[in-house]
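Following are the structures in question.
There are two complexes below, and they share chain A, which is joined by chain B in the first and by chain C in the second.
Showing the complex of A and B:
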């Protein structure tokens, strides 16, 4: 894999464009995470609640991402699904300190995982348990149990704990996402 | 991508066909199908995006929306979500197409608000190409709630250094004013800053927005005009806008500031042609301008006439054409320039020039101009034809002798095809000419008869028939018209048939030699399929065969002069009372000045009951008065005056007076309003005092309680003095007790009261209060019928009026009589005019008057000779006393 990608780089094919959708409840840190992923000079200083969606572009070593940063407020959640179809990956961001809304979170997450454009196409879903720096935040294992993710067999999902303010855990999560997406693209090609 | 080469091939082939289409001059987008376009929009969901294809599809989508193709909500929403996915592309053209598409879809799609953040990002981003368009799209999709979140960015954008961005932010704000004016008002400081921008467009837009923000505050608008008229605006557009604001200030304000007018006048010397024209247009459109004020503006328009640009010439000629009506003498100076335009290749300019010349030109040039215009009248649009017709109308009133040229011309135009408005204008013109000029009557009626033979507009047909019924019997040969009218009965729709029957009856009523033939015709109408037509025919037939001459006169020719609503109310009352022993009394029905538009229709129901509608007048107040037992004995109300204010409108207590005249008494109704929120008024009454001691208050009704904000009425009953005086002026004082109350709850603070008085303006009782104006259709016969027993004649000089029309108006106001047979229309340039006035005096006495006004051209002094006739000498004396 590493050889192939380096070979394609050598032949000047450049990075592959992929679309991902970033969803999650409001105030979970979606826009902040995407801001952190951008190059330092393009970052914005101020993060305001997103209305509707914003397209953010960033890249990892071998992929160029167009991220649809969706708004998390109740009234916009219905718009998420119209973007799954045209994307190759989903990032689901959750606030690991927000124990109160765990049940709501579970419903929303399962809706995403079971959505026909996600489940049937087998696109990777990466769950980011954000705000791990807050004291009393739940761990990945706790969250997995709380959300009943073990019961979900069909799709490909993984969970990572992150801190959007410092960027901790993001690199690892993005590597995982990149490799999953590449795997997904391979299977689709064949 | 494996599919890439194929797409490329398809694309190039499509481009080739595109090219071919363009070469052949056809519209590439002419035959787009909505379904296929929406199908193509699915391409937006693909990854990666094919930029070229998507741009093309977007263009098609916008095109079909622009063409008014209805797109369903679901379809539109689907397309819209597709569009939102295109944001991932960085292609500038595609992004700008997205903005356009968002704006178009904003109305038809759901959830457009979801692009708010994307647009906000673009609007605040670094790419200037995106920013202006993003602002426009954002303001289109946003709502009042969301606007507050982007308020900060809007404020920044308004003062942005880039003029395109600033302009688009301000222009969008102007649109936002409509739905969220409160938010936009908060940006006034930024807008003010933008007015001082160097860019012409920014200055223009920001001035417009600033005006809209302050439009409700007249003082602020005035200040705005003052301020910007002093420090010169650089943008000619902004100056034009300021001129418009200033003009509105001048029109609205009662005491306009002279500096505002000076500003507009100074703009006549502006270096920009546009500003000069705008200023000239503003000045000539102002009401009440003197010739000396208007002259510079006309000169400026004259300059515009020599401009090489057709648009400027057109504008100038069009404005001159409008002014020509109000100030023909001022426009006269431009005649030489206008003459040049007669043969202008631009038909619009030529038409306007000719019609302007028709309005201003000398009598001798009329034939030549008409010749010119008939050459191309068929080539111009209906709208301009109406302009021509209007010009002919004004020409005919100025040069009555020219009707021999005009009438055939109008008739020719009438025969040509045209819209309803166009035909209406012509018919109205012919009617006006007939009314003003007796010489043209026969020819005009003949043309109209010919017109209704083949007229597709019922409204015009009925109108002409009505006119025929009124005018044709007075012509030398009335029988010749009957054929035309009876043809209508046979051929036309119900409405026209009914009108034709009425017209026939009028012939029968006025020409006794034709009556037998008319009766035969009406008998045939009895078999008509429509009941309205049959009803009318039955009624008229009975009238013409059995009724006396005077009855025929009153009912067929004069019509019923009662107010329809009052009649309905009274008849309803009569039916409810269930006592049919006494016949319905028409005297209780309020009369109006204007006869019912189709009075004959209603007459049949009332014919057996009452001879002639006399003149008891009841207003809406009748019900209020009837409820007061003290006034029950006075009988029906004869006349109620208009509401007269006895206080300033801003006084603490406002009082309006209405004078109700009864047969022998007068009730003054005082509508009092308490505007003091900390006072409760008790026992409110109005005390009247006559300095001459003739009028005496017989009875008063007080208002027991008048709380804040409410309107109640106090009444005073006056009897007409025995001395016979019917005019006088009385001092009036409002008397009441004040009880202090708590402003918020309205509860009295204590039971203490104190007396207070408030002096009102004087109450005037005039002769016109005793006279109800009722028009006579046939004045001459009514005049003859009255006899000479009670005729009074006076001659005197009028010093307060300056011209004949004013004198005529004044005399009918003073006497309370109404002019008959359009005799209040004074032909221009005449030194003598006779006006026929009629009315009914209190108690039901007919009063007729002939007033001859003459002006002495040497010193412009006006003399009036007035003859008053009535069936009671005393009445004549009283009425004449009003003028002496």
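Showing the complex of A and C:
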């Protein structure tokens, strides 16, 4: 088995399929981030506000992702939670320059972190502090403090600052997500 | 898991503060809406400034000021409206007799309300003063004369200002208005009515000091409809669509509320309020108004009272709340340091603040509809957003009373006995009182008397003096003729007691004590002491018993400190 799987890894075949949910407030850059993760030839030029959800596929070295790009507008936010139970990871995208909605963001993030399908299953949550290129954007440390993330003991979360337009910080965040998901899959197997 | 939020059923997110904005304007001079096409909703404030200085129209976006424009006249009210779908939205600023329309904070159009005829004497006097025929004092006298015939409020606004200002300002007014006096009434309030849902354009409604209400086409500024009321309108609220069906609710300065429709010809107030109305809003199909006696009234459009809320504090203003996503609606009542949300049956929520409030405005701010903008007296702003998972399921009554208040009193029925008794009490009231007083006195006397004997004889097991509280308990063991008597003493006084004796008293013919007097050198407080003596029944065959008393006596006290009275058992015969 070990030989076969390493062989299939070698040929880039039989990558493990994983589902992830991408959530966050409207205008935070969820679709742009996923667009950036796609191969250059499949990228779309124009990003419009998502309605409902869109499934995007992309892959890293050892995992093949099916990302559920959820709409972030207020009326769609209640649909997020119904996708958690079938996924192995959550990406929470936030706009680091949006100080007005920081408290709302905190509310929404805690709803995700405390959701029974996230907290009890222990699936990894990667928080992307997007739009770090905007002058006056808050740093990761500021956001961690503002969102009260230090108080969140259980569950696995990590925060990365990114810029979806240039793709800065995305690779590191995705590596972390892949390794977390693999760790999660290991624990579930045993 | 630790929650960051102490009250999970809060309705609003924590406030995000905007401290450097210095907003000092009344609630009428605030509007929420986009300034440019397809942009985020902004907070627009018109500052009345101070004595004609610092008149500004400011636009806030996010947590900072974005744009600013200067105003020429002190604003009465501002309003955000749309008159063309394709171009930018407008801001209407009502100031004096005109409405100034701003597009992208640039002056775009000025509409002045039609003038009314001027009192001829007044007009002549102003013309004369402009030509220098009469001086300012004469003008004053003429105007005073005019007010004897017509009401002060019927004069032109300039004459009114003239009569109330001092000499310097009077001269300035003559300089400015002299020959060209007009009778343009001041605008008291403005509002908008949707033209039709399909077009999405607004119709502007303007009310003036001369009791006129104009419906204006917001593109051509032509009058579409006109009402003349008997009193001055101060608040107007529109409902419905102008092309389909509409209502206009007008609150006048004398606390009447009119309900106007397209075909209204006969003006009759829908609501006549005894106390002064301070605020009026529309909420779904209700009119909600507050009066200066701290009552919020919910009433139907026709004026039928649905419910009233009695508040303990002054209500500063009302603001309608509607959450489309869950179809929740409520009225936000603003108090000195808190806001409360009511619907027509229940109190839904209370939010307390640290600082005194100025006004609140609910609507779309930034990208988030259902945002509450709270302005404090010190000019700072707090922004709160209605939480997605909040609901109004937990609700309380308007003025929550303790449960005991809800219990029904059992009021007895009026029986014949009850009526007879009442009659008797009415007739013989004095006698009954005297008899009662006599019995009361007797009772008190009896109590005093028995207490006196009790203290004198000291026959209780508990000490009668409060200074020396000692408890005594006696046990008799044995069947007889020899008994053993153990006496337990417990002092609870603060100090230790010294120099006492325990004395046994009985009928000397019946019992004989081994030690009839036990000296007690010390009684430490809180410590139990047990003393024992033997006694013998002298003649068991007589089968006589008598009481035995154990007295605790002090050498310097006339009465015993404590006494125990023991009823002795019948003695058995001696064994031999």
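What we mean here is this: the second predicted complex is superposed on the first by the 178 of 190 C-alpha atoms of A that agree within 3 Å, B and C clash if a C-alpha of one lies under 4 Å from a C-alpha of the other, contacts with A are read in each partner's own complex, and residues count from 1 in each chain.
Following the convention adopted for this analysis, a contact is a pair of C-beta atoms (placed from the backbone, for glycine too) under 8 Å apart; a residue touches a chain by one contact, two chains touch by 3 or more.
It should be emphasised that the depicted structure is a prediction, and the values quoted were computed from it without experimental measurement.
A.B. asks: With both structures lined up on chain A, is it a clash or a fit for chain B and chain C?
C.D. replies: Because the two structures are overlaid on the shared chain, the partners are seen to fit without clashing.
A.B. asks: Scan A:85 for contacts with chain B and chain C and give back first, second, both or neither.
C.D. replies: Only chain B is touched by A:85; chain C is not.
A.B. asks: Now for A:39: first (chain B), second (chain C), both, or neither, which partner does it touch?
C.D. replies: Touch status of A:39: no partner.
A.B. asks: With the two complexes superposed on chain A, say which partner A:53 touches: chain B (first), chain C (second), both, or neither.
C.D. replies: Once the two structures are laid over each other on A, A:53 reaches chain B alone.
A.B. asks: Let me test your reading of the model: by the given contact rule, A:153 touches which partner, first (chain B), second (chain C), both or neither?
C.D. replies: Touch partner of A:153: chain C, not chain B.
A.B. asks: When the two structures are overlaid on chain A, which partner does A:119 contact: first (chain B), second (chain C), both, or neither?
C.D. replies: So A:119 only meets chain C here.
A.B. asks: In the superposed arrangement, does A:17 touch chain B (first), chain C (second), both or neither?
C.D. replies: first
A.B. asks: In the combined three-chain superposition, what is the angle centred on chain A between chain B and chain C, taking C-alpha centres, to the nearest 10 degrees?
C.D. replies: So the C-alpha centres give an angle of 70 degrees.
A.B. asks: Should A:187 be classified as contacting the first partner (chain B), the second (chain C), both, or neither?
C.D. replies: A:187 sits against neither chain B nor chain C.
A.B. asks: Could you look at A:111 and tell me whether it touches chain B, chain C, both or neither (first, second, both, neither)?
C.D. replies: After superposition on chain A, A:111 lies in contact with chain C alone.
A.B. asks: On the combined arrangement from the superposition, state the nearest Cα-Cα distance between chain B and chain C in Å.
C.D. replies: Once the two complexes are overlaid, chain B and chain C approach no closer than 6 Å between C-alpha atoms.
A.B. asks: On chain A, which stretch or stretches are contacted by chain B in one complex as well as by chain C in the other?
C.D. replies: 78
A.B. asks: Using the touch definition from the top, list the residues of chain C that touch chain A in their complex.
C.D. replies: 1-5, 13-16, 62-63, 325, 365-370, 383-385, 387-389
A.B. asks: Can you list the chain A residues touching chain B in their complex?
C.D. replies: Within the complex, chain A contacts chain B at residues 17-19, 48, 50-55, 57, 66, 68-69, 71, 76, 78-79, 82-83, 85-88.
A.B. asks: Spell out the residues on chain A that touch chain C in their complex, using ranges where they run on.
C.D. replies: Counting only chain A, the residues touching chain C are 25-27, 74-75, 77-78, 98-104, 106-108, 110-111, 114, 119, 148, 151-154.
A.B. asks: Please output the residues of chain B touching chain A within their complex, sorted ascending.
C.D. replies: Within the complex, chain B contacts chain A at residues 45-48, 81, 84-85, 87-88, 90, 111, 113-118, 120-121, 146, 149.
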